[in-house]
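Should a chain be cited, it is by its letter among A, B, C and D, assigned in written order, with residues numbered from 1 in that chain.
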Amino acid sequence: METVLLTGFEPFQGEALNPSWEIARTLSGETVANRFRIVAKRLPTAFSTAADELYSAIENARPRAIICLGEAGGRTQLTPERVAVNIIDARIPDNAGAQPQDEPIAHDGPVGYFSLLPLRSMVDAIRAAGAPAEISDTAGTFVCNYVFYKLLHHIHTYNLPITGGFLHVPYMTEQVLMKKAPGLPLDLMAKGVRAAVEAVVQSFPERPTLMC
Amino acid sequence: METVLLTGFEPFQGEALNPSWEIARTLSGETVANRFRIVAKRLPTAFSTAADELYSAIENARPRAIICLGEAGGRTQLTPERVAVNIIDARIPDNAGAQPQDEPIAHDGPVGYFSLLPLRSMVDAIRAAGAPAEISDTAGTFVCNYVFYKLLHHIHTYNLPITGGFLHVPYMTEQVLMKKAPGLPLDLMAKGVRAAVEAVVQSFPERPTLMC
Amino acid sequence: METVLLTGFEPFQGEALNPSWEIARTLSGETVANRFRIVAKRLPTAFSTAADELYSAIENARPRAIICLGEAGGRTQLTPERVAVNIIDARIPDNAGAQPQDEPIAHDGPVGYFSLLPLRSMVDAIRAAGAPAEISDTAGTFVCNYVFYKLLHHIHTYNLPITGGFLHVPYMTEQVLMKKAPGLPLDLMAKGVRAAVEAVVQSFPERPTLMC
Amino acid sequence: METVLLTGFEPFQGEALNPSWEIARTLSGETVANRFRIVAKRLPTAFSTAADELYSAIENARPRAIICLGEAGGRTQLTPERVAVNIIDARIPDNAGAQPQDEPIAHDGPVGYFSLLPLRSMVDAIRAAGAPAEISDTAGTFVCNYVFYKLLHHIHTYNLPITGGFLHVPYMTEQVLMKKAPGLPLDLMAKGVRAAVEAVVQSFPERPTLMC
């Protein structure tokens, strides 16, 4: 069975949990479209180690598709990201204490990479599953955009047969019980991401039927 | 069995549904604390008829407690309202086309009434049920505040043994699938309101046990 | 010459300035409508002392009108407040370290007082002066609402011939140079408040012309 | 005397004015750093004509630097844009009625171009001039990003000696007198943009002093 890799991040900025990882591990082990198994991997929220852990996960899972998930506190919708940009500009320190400003991610890399995911059909599928969704035009300049860019740079550099991209999610309701910020429950977000994964695998070209 | 009356409003401002009514009818018929049955009533979003329909519902249900629910599009939390104010100032027409500006609700009434509901324990109960909650300091100046004020004016005028108040809720996710506004799913909001009703009935003084 | 008293608050919550006081002292000494002089008074942002300082200022200035100004960080408009509510519920400590929760301001006082100011014409005047304005339906439950309520309670209790009320203002641009919150420049807000004062004094009934 | 070209857009989406053009024409004709004259040019808010009008303005003005200004209603700060992205995705029709979705701007162009402007020193200069500022990570996917991308594509394609980029501005206060959206006065925004222009020309390498 082929695999779809879902990554999430460890908590940061004092939060007790990160919805991106809660969603990924909720969906871990599920089968999609009868032929894909979801594999979940937690990444550190740190520039120094996140990319290497992503590469290891890719080597281990050898996935047909990758959706990296990240927390976008303050957003109200599940937002597939359109473009990864070759820049780091951290407004807070990452979990290892690093806070680079206005630095390129890859000195030899292009300004940006477009997501390889079928954004529009993911948005439609998430909405059909009952969760709010919209394409986002910026993944920020912190560890999320960094992992997004590194993923696409890796795929393009080694010409890997992987459909990859990034999807930001709002806070979980558990995180906003006492603060005035929008949140969505885990089960609804997991439902939305599952629908997005289905949209991704349905976008793959049909394999030729072998007659015998 | 005693009753708790939950009211909700019909949709307004072009929306296809009103979460306040969806929640009320979801909980309709449920039993709370083994001795209260929830009765739901839909009110028109119109100054001319909402209060009379509320009074009829009170006469029919003879409730021990009333929580009027209303939609507060843009809010992120379930918000028990602290105070009803003797003013109508409609920024949009109601469903009957009326749009009064800066008019008192009751010429003989006080400036405001405090909610009779146990606000703090409702907030705690809603959070414990997993939904975001906070006390709100304004119910606005549209039909919600009007019904809230009329309810309390009615209770005080006739000295009714009813614990009453108002609770605003955010949009339902169905309403915000395609717009950048916060929303919560119906089941989570219903869970939160159920917990709030339980907090209300638990706040009633114990009735003396009759020995025989 | 008669006087109009403008009060502002000292800075709180770590801010270096409070726009309400900056505006009041900018307008201090100005003459309005040829017969009113503006007197400015700074109040402490503390429940224990704010009201007494307000009463002293009233005794000293013997004003015909009072507009208490306060900072409402996050708002985008100058907002005359409609109603003062008999409640203290402090989400942060005041400048003296006090943080009362759910306490009445005056045990013998009514639930609310409506502002005595001509709200609608103030809003019109502020807009005509080029600043955004709207009536607000809540002054919160911190020191601003406290002073607003105490002012009206004082006026009503002693039947003082004073037209009084409250007006909240946004952050000054100096406060938001580096944060994502709306702000307005001091000169524009001072212009708006001056126009509001003019609207207030123009709302006074004409004094009879004495013929001799 | 060398020139700096400032472009602004015509009003769109029912607005009576566009702050980007109001700022540009306010600064038109001013001299900066004793050797640059500001030339202002208004661009149509339309995909079909905006780029050609920009190219003509470049040919006429032969500027050393170009800052294209655009309106970002809802933002609170002046925001130099970091990156132009090769995509059009219009959520509303432009002024010519066109509303392309998910289309590339240049079939032969790269995914993105970084601004050539000194973003960080522009932000510092705007703040020093008293206006709120921050680097923005997305110029959207409407006519603003389109013009930004086309400008940089033109500069790179023809290897023009021009330092160019984009800066988004909030609503003008005139646009928000009656709505709950942040706005800044024209004179403050013009002051901020003037400071940004100065930061741009100060970033140019010194020309060698000719001795004789």
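Descriptive notes on the structure:
By our rule, contacts are C-beta pairs under 8 Å (C-beta built on N, C-alpha and C of every residue); 3 or more make two chains touch, one makes a residue touch a chain.
Just so we're clear, the structure is a prediction, and the values are computed from it rather than from any experiment.
Farthest from subunit D in terms of Cα centroid separation is B. Separating the CA-averaged centres of subunit C and subunit D is a span of 40 Å. Computed centre separation for the pair subunit A/subunit C is 49 angstrom, with centres defined by C-alpha atoms.
Taken as a contact graph, with one node per protein chain and an edge wherever two chains touch, the assembly forms a single closed ring in which every chain touches exactly two others. Across the whole structure, chains are in contact as follows: A-B, A-D, B-C, C-D.
If you check the complex, the residues on subunit C that touch subunit D are 76-77, 127, 130-134, 173-174, 176-185, 188.
Chain contact summary for the complex, subunit A toward subunit D: residues 82-83, 85, 87, 89, 102, 110-114, 119-120, 135, 137-138, 140-141.
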